[in-house]
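In structure tokens below, several structures.
Two complexes follow with subunit A in common, the first pairing it with subunit B and the second with subunit C.
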Partner chain A sequence: MNYRLSKQKIGDFLASLMNEYEVIAPVNDNSLIKFKQISNTDKIILDFGNSRYSLKKYFLPNKQVLFKYTKEDIQEELDNKKRIIFGIKPCDVHALLIMDKLLLGEDLEDIYYKTKRNNTIIFALANNKPGENEFSSSLGTDKLERGYDLLFFDKGDYYIIKSGSEKARGFTNNLEQTEEEPQAELNCEKSLSEEQISKLKTSFDSPVWKEESEKCFSCAGCTTTCPTCGCFDVRDDPNLDLESGSRIRIDASCQLKNYTGVAGGHVFREGRDSRFKHRYYHKLDYFKDQYGKHMCVGCGRCITNCPAKIDMTEIINKL
Partner chain B sequence: MTNIYKPELLRIDKVFEETKDIKTIRVKDTSNPKPGQFYEVSVFGIGEAPFGSASYSPDFVDMTVRSVGSVSKAIINLSQGDKIGVRGPYGNGFPMDKFKGKDLVIVGGGTGVAPIRTVIEYVEKHRQDYGEVHLFFGFRSPEEFLFKYDYDRWKEKFNFTITIDKPYEGWSGNVGFLNSIIEQSGIKAENRIVIICGPPIMIKVTVQSLEKIGFTDEQVYVSLERMMQCGVGKCGHCMVGNKYVCKDGPVFCYKEVKGMVD
Partner chain C sequence: MKPRVAIFDLTSCDGCQVEILNLEDHLLDILGKIDLVNFRIGKEVKEPGPYDIAIVEGSVSKEEEIEKIKKIRDDSKILIALGTCATHGGLQSNIHFMDENEVKKAAYNDKHPQQTRDIKAEPLSKYVKVDYSIRGCPIDKWDFVKVLKQLLIGKLPKEDNNPVCVECRFNENVCQFEEKGKCLGPMTHGGCNAVCPSNNQPCDGCRGPLEDLNLKAGIRIMKENGVSDEEILKMVRKYTGVDELYNKIEELVKNGNN
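So, the complex of A and B:
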């Protein structure tokens, strides 16, 4: 059983949830589509490829307090805010499922991520329009079988909504039921085949890495906007009394030189080519060895946000 | 829910002065790390960094700290009674069970001797499980010697060789790098396991010398150093190939290390 909601009513539907939830939705922000908290539904964009930046900050903020310390005590800080994210595209839901593998391992759970994950309701929007530079259709991350609470299919004047979780029941009570089974097709221009990706296994010494890395500025734009890049630094932010303060974590990037620097000054990936190559191998080879799936969902943001116009699909297809 | 990033506040129970810039701190802790495991130590306001355990005891943990990074400099300035944050132990540690019945060659260079001490103390407590034990320690000079207070005991129990890099006034013992001392020692490769901790270059030349003697890479175990922040395979910094040094290591068989690329 699916549900049906007229597109005109989507605003009222989301507005009715705002008392209980912080609602995040795609809006036009200075000509860029971004996910932001909304207080009214006037500015929501319903027809779009994808947002310029990923949604990871709602799960793994770029700066986050882990706990506050004093001389005698440590108090952890958990974000218990209840959120609904509306309009999240399938590739970005896949990105969350990938982050789950890394951060929700049985014995070593990241409770900050877990708390945010548990408190966030996912209203995904099925794909019918690729994001800029998106190549998710070739990776199979353009469709969703799980990972959503509600999945909206755009049918022109109305949405067909699939329910994907127990949690979703509370949201569908007042919706009209329908037998209609929706489908969404996405055709991305760019693509990356499994066969081509598997060439990484024998391409570690390929000249491609050195050549292509010479175009790279090591600006970390790719890792900053990648929905599955979650590397972080752990730092202390002391208060003025110097006895109390916060332990924080902030974004780190494998593209920056200090990422592998140890006390005493040695840097393990000193050359830009080795850092450049590490990202491709982590995304498309190492993570699969470790967790059984690729760490790339083909959202295309690393291409869109690269000032040197370096294209992941072009590079892998050169191997 | 347990919080993997939240340290426990522990008081420094004892401080041992080792050299002019190295101290060993002892905290009461019952986690009894395996030889080769490490802890994440916090000095609040400065930060957190990984330090290998230097002891094998059910009652306390020793950590030997050289004043080189910001956290280690802060630790060096602490005294008995001061509090630090401790998380751990982390990492795989040396597979001591796998080494049962073997003769051991234990090689430590500089501060690499600290994790080595956990292995030695483990062997002291499980002496019947292992055959002949050779210790080879290398330091820049006698001023850099660590754990001098243990040497008499170790000399009684094991074959103990110590060397310094360059001649030093008043020193009549071995002079020269560890690899050449090991080559000259006449040890044979048969039924032996080698454990090495030290700077990367020392590991490299020592393995070359071991190969000359007839050791294979499968017989050699090393502990790797990498930048680590979380210690539990989340933050990404210590990744080498598809391995996390913090979680899959820091101890690796040299056969595996040889194929690792940054």
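So, the complex of A and C:
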């Protein structure tokens, strides 16, 4: 059983949830599509490719206080805010499922991530329009089997909504039921096939890495905007009394030289080429060997946000 | 005992020291932790050295300032360069790339050109050992607090060495390379919370080049975007042109098409 909601009523539908939830939705901010908390549903953008920046800030913020400490005590800072994210695209839901593998593992659970994840309701929007530089259709991450609470299909004047979780029940009570089975088809211009990706297995010493890395700034534009890059650094920020303070974690990036720096001053990936190469191998080779699927979901943000316009799909093609 | 801290200035606009005064609500907390024995724009009584920590704003731009900075160094356990003038020479270091007489004429007019024994503006490190640099024109006042806290717990602070782009992405900005075709953000030390790109201005590099910078890539992209050779040179030299990482900039800009 699916549900049907007129497009005109989507604003009222989301507004009715604002008492209980912080509602996050795509808006136009300074000519970029971004996910932001909204108070006015008129501002929501319903027809868009994808947001310029990823949604990981709602799950793994780029700067986050883990706990506050005094000489006697520590106080954990858990974010219990209840959120609904409307408009999250399938590739970004896949990204969350990948982050879950890393941060909600059986033997290692990140309580900060888990709290945010459990408190966030996912209203996904099925794909009919690719994001700039998106290539998810070739990776199979353009469609969703799971990972959503509600999945909205844009049918022009109305949405067909699929329910995907127990939690979703509370949201569909007042919606009209329908037998209509929706489908969404996404055609991305860019693609990355398994055959192309498999070339990585024999290309570790390829001259392409050195050549292409010469265009790279190592600015971390790719990793900071990637929905599955979750590396962080942890540090203490003392207060001026020098006795109390906060422990914070902050985004780190394998593209930056200091990332592989260790005590004594040695840097493991000193060369720009080895840092550059590492990202391709982690996203498209190592992770699959370990977890059975690619870490890259093909959202294309690393291409869009690269000041040097380095294109992941082109680099793989050059191997 | 509280550490003896002295704040000095050489040739500069005092803006970085004003940033320290701008800490307003936190100044009393800071003064509870240090003995501030010298601070020209904030304190009348000045005490002689030795000092535990000396913080120096400004470039060395007059002969007498060479002696002054050497004396401060001799008097101090730790010497901190405060702001771009101190770390890189600042705006006045443009004289390295201009006609000296023209600059003097513009600055002093014809009437009293001989009042100062001026030399070309240089960073403190040209003359003395600097233990740590607080970057920026002006500094970020919270950077100052962060450094002070680290020093007070007995550590020499460590820099992130991240480009401006990192915080620029945190702030979800429009990339200035796309918007204006030029930006020094990918090549410049961050820590400023990307204040210029966050206000829709390209980074003009006031915090100095990163050791890991890719100058060739920067020049190539700006040229492709139609930025002229002169403009690229002007941007790079605006604040920190004397940094040795920019030594080959002229050559690279002229031959930057390969």
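The working rule: the second predicted complex is superposed on the first by the 319 of 319 C-alpha atoms of A that agree within 3 Å, B and C clash if a C-alpha of one lies under 4 Å from a C-alpha of the other, contacts with A are read in each partner's own complex, and residues count from 1 in each chain.
We adopt the following convention: a residue touches a chain if its C-beta (ideal position, glycine included) is under 8 Å from a C-beta of that chain, and two chains touch if they have at least 3 such contacts.
Note that the coordinates shown come from a computational prediction; the quantities given were computed from them, not determined experimentally.
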Subunit B and subunit C placed together on subunit A: clash or fit? fit
Rounded in steps of 10, the angle in degrees at the Cα centre of subunit A between subunit B and subunit C is 70
Larger residue footprint on subunit A, choosing between subunit B and subunit C, goes to B
Could you look at A:257 and tell me whether it touches subunit B, subunit C, both or neither (first, second, both, neither)? second
Check: Where does A:274 make contact in the superposed view: on subunit B (first), on subunit C (second), on both, or on neither?
Finding: first
Query: Can A:242 be said to touch subunit B (first), subunit C (second), both, or neither?
result: both
Of the two partner chains, subunit B (first) and subunit C (second), which one does A:156 touch, if any: first, second, both, or neither?
neither
Check whether A:218 is in contact with subunit B, with subunit C, with both or with neither, and answer first, second, both or neither. second
Considering only touches as defined above, state whether A:30 meets subunit B (first), subunit C (second), both or neither.
second
Applying the touch criterion given at the start, work out whether A:289 contacts subunit B, subunit C, both or neither, answering first, second, both or neither. first
Distance floor for C-alpha atoms, subunit B against subunit C, superposed on A, in Å, equals 7
Both subunit B and subunit C touch subunit A at residues 238, 242
Subunit A residues touching subunit B in their complex are 66-67, 69, 71-74, 76, 102-103, 105, 108-112, 114, 204, 230-236, 238, 242-243, 245, 247, 249, 252, 254, 259-264, 268-269, 274, 278, 281-282, 285-287, 289-290
The subunit A residues in contact with subunit C across the complex are 29-32, 34, 52-53, 62-63, 214-221, 224-225, 237-238, 240-242, 251, 253, 256-258, 272, 305, 307-308
The residues of subunit C that touch subunit A in their complex are 26, 29-30, 32-33, 145-146, 149, 152-153, 160-163, 165-166, 169-170, 172, 174-175, 177-178, 183, 185-187, 211-214, 216-218, 220-221
In the complex, the residues of subunit B that touch subunit A are 1-7, 9, 42, 44-49, 68-72, 83, 85, 225-227, 229-230, 232-237, 239-242, 261-262
